Amino acid sequence: MATAAFAEAGADLELVGVHKRFPGFTAIEDLSLTIPAGSFFALLGPSGCGKTTTLRLVAGLEEATAGRILIGGKDVTDTKPFQRPVNTVFQSYALFPHMSIIENVAFGLRRRRIADATAKAHEALSLVELDHLATRRPSQLSGGQQQRVALARAIVNRPALLLLDEPLGALDLKLRRQMQLELKSIQEEVGLTFLHVTHDQEEAMTMADTVAVMNKGQIEQLGAPEVLYELPRTAFVANFLGQSNLFTGPVADTTADSISVNIAGSKIVVPRARAKRHSGQVTIGVRPEKLSLHLTAPEKTAETNVLGPGRVIDVSFSGVSSQYIVAVPGLGSIIVFAQNMGAGPMAPEGAETWVSWKVEHGFGLEDEASAAPRFTADDDTATIAVQKKRALMSELEEA
Amino acid sequence: MTVQEGLVIASAADAPHPPRARRAQFSLGSWLLPVYTALALIFLLIPIAYTFVFSFNNSLKSNISWRGFTLDNWTNVCNAQDVCAAFGNSILIGVVATVVATALGTAIAIALVRYRFRFRSAISLLLFLPMATPEVVLGAGLASEFLGAGVQKGIGTIIVAHIMFCISFVVVTVKARVSSLDPALEEAGRDLYGSPAQVFWRITFPLLLPGIIAAALLSFALSFDDFIITSFNSGSATTFPKFVYISAARGIPAEANVIASAVFLLAIVLVIGQQVTAASRRKRLTRVG
Amino acid sequence: MAFSAFATGTAREQVPRRKSRVALLLLLPGILYLVLFFLVPLVSLVITSLQAPSAFGDVGSYQTAFNWNNYVVSITQYGDQIVRSFFYAVLATVFALLFSYPLAYFIGVTARPWPLLQNLMLVLVIAPFFISFLLRTLAWKSLLSDESGFVTGLKALSLLAPDAHITGTPVAVVFGLTYNFIPFMTLPLYAALERLDTQYLEAGSDLYARPSTVFRKVTIPLSMPGIVSGVLLTFIPAAGDYVNASREFLGGTGTAMMGNVIESNFLILLNYPAAASLSIILMVVILAIVTAYVRRSGTEDLL
């Protein structure tokens, strides 16, 4: 056995130029990544983006086609999974159905011939508050309990690095929130390095110190959740992590600290520091909750951008806030989230409105302008649905 | 409520059927099928009951007409020495063929599900063909091979033949089990510091065991009851089915019925026992969970 | 169960990723065994089927030749038995399907709320496997014999002519074939029906289909894999069987099937080329039928 002792603390994980090709497709292309010791790192992406493959490469369950993997500075690329100081919480939990809970948790310790395996296993089970179920079989436990056993089975080995493969995916929403908090507190308590793979952006943002958004085998952007949300670098990140209103147009004017872009005849200003491209066709964006809705034309100042007039084509009320879709001629639809300060939504469907936002809230993407999705009046499903509804209504009125 | 009833009620709710027709359909759906099933099952059991009853027949030489009840056949089975010897051969052949076929077939099943290799479809075809080939052809083919090679036919050749036709059935049975096994379980074993051998013996094997046992039982049953392939490759050796076939012309001794009935009872007890323990385990699980 | 061997199209296949020498080690012994004792015998059969009688004229002694004529002789000499084999097998398969479908439906669908009853009924279906195939058939021979209560009863009711028999007739042979292979039909049907999600049936009736239409348009298509595998598992052994049709069992003088002539040529007449050529004919016809049938019913993923 390679590692007879527990890891003292979490270790750095370093991926250097990793490629993984399967017959017929490339799962990961030239991935380099450093995860500092003791951090809670989330790999976020849609299914098929290569995040689970990355995790399996780190665990040693897949062999990299090219590149190196280092844990705590030691090259583990050519070692087998059972020789790596890494443990995984599997998506399906993979609890051994023919063993009791305690046997499951003690399995790794026994393989490494660590003394007091049973006592340590009980300790780990206590940490997840399941010690009273130690003699049960996995099938006798609920999903949330199985998830905690899987976690105990992994952390009892004190791995330098703990890998979590969408471990909360099978749980219902309430349990998932609860487990997120528990996981986070356990991570802080044991101080291990966690690498968490998920497609749930909310989960990634609440739990991780650092989030890497992955797409098509590459990392699109990496950073603290707030930074990622506030300053998405690509259209993919802007739309995968929350919602965004994106507009594309040519740069009309630049000053020392801002650029202004011509969007359907309006000049939209973005702080220079928040824009990745400063000339030519650029895509800029703003989050829906940063927008204000106005029933009369607001005054354009140096600190605000205004678009409009447009027409509210859809309102969906959800208690705390409402979502409005505003169709602006020549621009497509804009999504606005607004808190319901008064009784009910603040603008009825069909109302003429303007939207405005503070200059400091806008961001400019790095993407080539053509790559950014451009919302036109008729390729947006919401708009199509509303148009259909209109047509039907007018037909009914005529009849 | 039965599914038929559910169906009839659901479709009746759609209303185009007049109410009377609805009721007629209802009773037809709910009564006809259970009654038919009961009759069908009884029909399937008739020859078994006959064999069992005639094992108590106070027969003379042939066991065709009823001559009164006796337990002699059961208490002195080996009075008919040929029957007992043939039965012993069948057990021996069954056990050896089962052990070998199960080992070979299990290995193939694991390889088929878990590994990538060339000639995959050719191998699948080779495994499928023995099941799609009539037994006469399998028997005649082997016999002609033995004939050409000058092999003396006997118990050995019967075993060789039985292993051959059992392998495919083992592969199919175990393969289903391997496919349903979550590969993450083995990965978890490797992740938790298990060496390949430890992962196999502590995780894969125990989890495959029910499938392997099922495959072994199936092999034994196939081997024990095989007559056609055996008759081509047995030479002068006798098995229980061959003995029955040979004596069919002049009458079967009641001892043969005794052996068949005993084997039947044993198998039924085994199967039902397994069902009951499985059911009680399920019940325990649901109670706890 | 082995009986769903023919219909694994619906099973989810894992994509094996590892490539290793271990695979070879696992495959080699079993595959070698099958090559040696399944493939080589088939080749040996082909060679035997082309042999000519040895120059010395001893009975049972042949020499390697290229005697195509053996096939012509077999087909002309045993044409009746060849046709009869497939005719009987088709009849037995159809009867077994008609018998088994409602039975399998009841066990697999209707009895779902009672798993213990389901299992008990399944045990009863396979119970005949636990008693010798030959003894079962002999039991029917006695039960259908002229002296039996059944036959005398039929005669008393004038449902059967006074001088008629049941045993020794094609009716008895087809009956025996049907009976003996019913479990082979019922089990795959059960396996397919047991997986049938009743919500499909409910959806069918929700969408205005009558029960009979639901059965035709939903139940039957969804249980097709079971039907295909049941039909094959019944038809193949039935076509090659020679126990039911033999005179010591349910058959008579005019009921011999291919199996009977292969057996007598090989084991009694020692006419190996005739037996071998008949075996090859049987095998080729069955494989042709199986391939065509599997192609048509769309379950090509065999094992």
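Order of writing sets the labels: A, B and C. Residues in every chain begin at 1.
The criterion applied here is as follows: a contact is a pair of C-beta atoms (placed from the backbone, for glycine too) under 8 Å apart; a residue touches a chain by one contact, two chains touch by 3 or more.
In this text the structure is predicted, and so the values were computed from the model without any measurement.
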- Which two chains meet at the most C-beta pairs? B-C
- Most remote chain, CA-based centroid, reference being subunit B: A
- Message: Can you tell me which chain is nearest the middle of the complex, judged by mean CA position?
- Response: B
- Query: Where the CA atoms of subunit A average out and where those of subunit B average out, how many Å apart are those spots?
  - Reply: 53
- Message: Suppose each chain is reduced to the average of its Cα coordinates; what separation in Å results between subunit A and subunit C?
- Response: 57
- Distance from subunit C to subunit B - Cα centre to Cα centre, in angstrom: 15
- Item | Residues within subunit C bordering two or more other chains | 17
- Contact footprint of subunit B on subunit A as seen in their complex: 1, 59-61, 80-82, 86-88, 90-92, 94-98, 107-108, 111-112, 136-137, 139-142, 153-154, 157
- Message: Looking at the complex, which residues from subunit B come into contact with subunit C?
- Response: 2-4, 6-8, 10-11, 14, 17, 25, 29, 33-34, 36-37, 40-41, 44-48, 50-51, 54, 64-65, 104-105, 107-108, 110-111, 113-117, 123-138, 140-145, 147-148, 160-161, 163-164, 167-169, 171-173, 176, 179, 183, 218, 221, 225, 227-228, 231-232, 240-241, 244-245, 248-249, 252, 256-257, 260-261, 263-264, 267-268, 271-272, 275, 279, 282
- Which positions of subunit B touch subunit A when the two form their complex? 182, 184-185, 187-195, 198, 202-203, 206-207, 285, 288-289
- Message: Can you tell me which positions in subunit C touch subunit B when the two form their complex?
- Response: 1-2, 4-5, 11-14, 16-20, 22-24, 26-27, 29-31, 33-35, 37-42, 44-45, 47-48, 99, 102-103, 105-107, 109-110, 112, 115-116, 119-121, 123-125, 127-140, 142-143, 145, 147, 179, 182-183, 198, 201-202, 205-206, 208-211, 214, 232, 236-237, 239-243, 248-249, 258-259, 262-263, 266-267, 272, 275-276, 279-280, 282-283, 286-287, 290, 302-303
